[in-house]
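Structures for review follow.
You will see chain A twice below: alongside chain B first, and alongside chain C after that.
Our next item is the complex of A and B:
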């Protein structure tokens, strides 16, 4: 091993720590020392496996802004780290940072992990950030995750656009605000979008998931 | 002459049971049974249109209404009003407008009424007051009969209930109107004054709006000693975010300024909202805060949060867009407002008043975070 190679290897951990410290430095100045150390650990771990560490810092800052206890903040950051990892794995092979964030958000609100994988199968080459956001909103509105996922995935498979999915969520939201049952509103609005789409292929990715 | 403008009073009652959205076109059509003092009841068809637009510091309202009864009750009326909020003194606004009416539209007689008004309002978000004056002229038989009035009132909103109290003093030469209304037993001659105290209350219950307006009147001058009172009730049931069924009944005292006769009525109509920023836009008047998104051509969307609260309050918003740092909202015309550009994807926002608990805007899906806080979920296209 040459001196030059030794020098390069020695730089790697230094650079990692340096970047991690740089990220932690963006934490709110009032952050508790314990929180700072815990977030630093999570950031280093996230970076080592290619997760977007800025989301962890944002979560910590959210907890600080909301005056949460240090334990709650560190627990929330650690839980987010796990959700980001699950989302990244389920949305493989090359999820964007927005997709991972949207996937982690969906997981937080109770969307099962396997649904993320099925949505990726439905749209392997397009961003899932908005469909995941729509699904998250529908689930948060009180719709069963499987039911909402089936509808969204069917629409994606049939070629629905992001705008159509967004309109669906907006319409359901308005209907629920007007007193409709969430499931009835989703059925009605989904039929409306379906009527604008070409006929379905033989089977959707959701009803017949591909085996590995 | 007994048959004169009644359309306005009917639609005043109908509109009383309606929340006003910042931008809308509202159409109402229905039927009524109208009985003016000293006459038999008559059936009438009603048609009304209201257009309202709010931009920056200016709110413009235009409306038109018709009552069709195949006789002299036929009336067409129009109103144009502009309200301007002072930029340096945002609690103050000035409102001015004109109104006109044609009597016996289908048997055109050239008779009618024109009126203009100006008011100044001071608002504190959930309450306020106004002072104003108006002048009008009515022509029925070739003689112009002038009327003037001064008015003052206070209003307040608490949760889903709003109340208004006003005092109006009207001085008029329009003795024909009082004669038609059978107010005094014999035709008065000369100037008279009527002083009214009016109390209105409106309650919103989910999809149902209820309103009641009561008036006590005391006469002076040639109608001295004449005391009277009236009550109107109105209800609007929203069967969808854009369609409502309305009913109203009661009595309207004669209004010399706008040449409205004394009349009792019962009416039913259908209201349709044609132009709205969002189906949830009326929720701002029901629940206090809403958030609306408007897609930007360059990507992402502009999020507008509006909060109904006192203009003296401290109203803040925060969310993922501000890294959860509170952002002071701005007082715009009649509510607190914040506009912010958001990138595509799911976002969360919340608002609070005077440092109280953070709340999700009413029209957004509520989510609870890991810290026990509440926020509204926004999906940006």
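Our next item is the complex of A and C:
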């Protein structure tokens, strides 16, 4: 093997580590050395498969700001890496970083991965960042993920706007804060939005056959 | 059948004999082939395995180091500068076009406020600034104990909190809270509406 070949081969890992190190430089200065190494590993792994590594650094910084133990921080970063990958795959073909982050948040609260795919099918050419955020918030308010996903996806399929989805989330939040049961609040508020939309198309993207 | 094929070959040969070979590129290609001289692209492909001088190695190493340094400089910008295009968040509100493959929303200005008469400094930390305690400080208002900052946020759900005096974690009293299964400290939640 010639000197030149050795030199070229050595450039590849150097470049990867250099960029990963640049990202990890954004990690809080007070980060434990073990955390720093673990995050660097995750960043390199994320970069190699095209995931937004910035989100991993942010997760580590969140743990540091909350004074979590190094183990909890590294576990959380690793788990986020997996969620980002699932979200990216389910939101294919070209999800934005905001969409991947929103998808990972939805998965974090227990939304099944296949729902992300169905939402993408409902809005193939529009950003899912807000609909996913609305879904995540509805689930966070105590609604079953399937139920909340069916409602949100039906609204998307029927042509609801981001403003209407946002309004739905705000209204349900307010109702739950006022003591309503989450499911009752969602049902009522979804009817309100539905009444403003055109009739449902023949085939919904969210295939859930309803019995008569 | 053979006679017919011979006729075709004859016609092709005659046409080639009368053709003027004026293209220097074509001539060079023919000469290179005849002399066995490698073409430029072949030399590029075989470059890594060709003999290599020490001076050339040193020059390439210096170039690689310079490239690495420039890359670091480009990627080491703080998160607040990345988010706001280098403009301090509290002073101006640039609405930057988002780079997305899908989607239509632009960031919207969102104001965060807190009332804490005992605080001497307050920072906004959240998923939008990488949870950096240095990225987005709140500025004190004219009325003592009031703090605020306005930043552009992309559409969607965001989680955040206030960090008071660099150590006290505080959720936004005006916002909903979200459980944090990773670290156990609740965050505040905000859904930013797309236009």
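Couple of notes before you dig in:
The definition used in the following text is that the second predicted complex is superposed on the first by the 194 of 212 C-alpha atoms of A that agree within 3 Å, B and C clash if a C-alpha of one lies under 4 Å from a C-alpha of the other, contacts with A are read in each partner's own complex, and residues count from 1 in each chain.
In the analysis below, a residue touches a chain if its C-beta (ideal position, glycine included) is under 8 Å from a C-beta of that chain, and two chains touch if they have at least 3 such contacts.
This structure is a prediction, so every number in the text was calculated from the model and none was measured.
Because the two structures share chain A, they can be overlaid on it, and in that overlay chain B clashes with chain C. Of the two partner chains, both chain B and chain C are touched by A:102.
By the touch criterion defined above, A:185 reaches neither chain B nor chain C.
Contacts of A:162 after superposition: both chain B and chain C are touched. In the superposed pair of complexes, A:68 makes contact with chain B and with chain C alike. Of the two partner chains placed around the shared chain by superposition, neither chain B nor chain C is touched by A:193.
In the superposition on chain A, A:129 makes contact with both chain B and chain C. The larger set of touched chain A residues comes from C, when the choice is between chain B and chain C. By the document's definition of touching, neither partner reaches A:43: not chain B, not chain C. Applying the stated contact rule after C-alpha superposition, one finds that A:173 touches each of chain B and chain C.
The residues of chain A shared by its contacts with chain B and with chain C are 58-59, 61-63, 65-66, 68, 72-73, 75-76, 79, 98, 101-102, 105, 129-130, 132-134, 136-137, 140, 162-163, 166, 169-170, 173, 177.
Residues of chain A touching chain B in their complex: 58-59, 61-63, 65-66, 68, 72-73, 75-76, 79, 98, 101-102, 105, 109, 129-130, 132-134, 136-137, 140-141, 162-163, 166, 169-171, 173-175, 177-179. Contacts from chain A toward chain C in the complex involve residues 2-5, 7-8, 11, 14-15, 18-19, 21-23, 25-26, 28, 54-55, 57-59, 61-66, 68, 72-73, 75-76, 79, 94-99, 101-102, 105, 108, 124-130, 132-134, 136-137, 140, 162-163, 166, 169-170, 173, 177.
Residues 206-207, 238, 240-241, 278-280, 283, 295, 318, 320, 323-326, 344-346, 358, 363-367, 369-373, 377, 379-381 of chain B touch chain A in their complex. Partner chain A is touched in their complex by these residues of chain C: 47-52, 57, 60-61, 64, 68, 71-72, 75-76, 78-79, 98-105, 125, 127, 130-133, 154-157, 163, 169, 176, 178-185, 189, 191-195.
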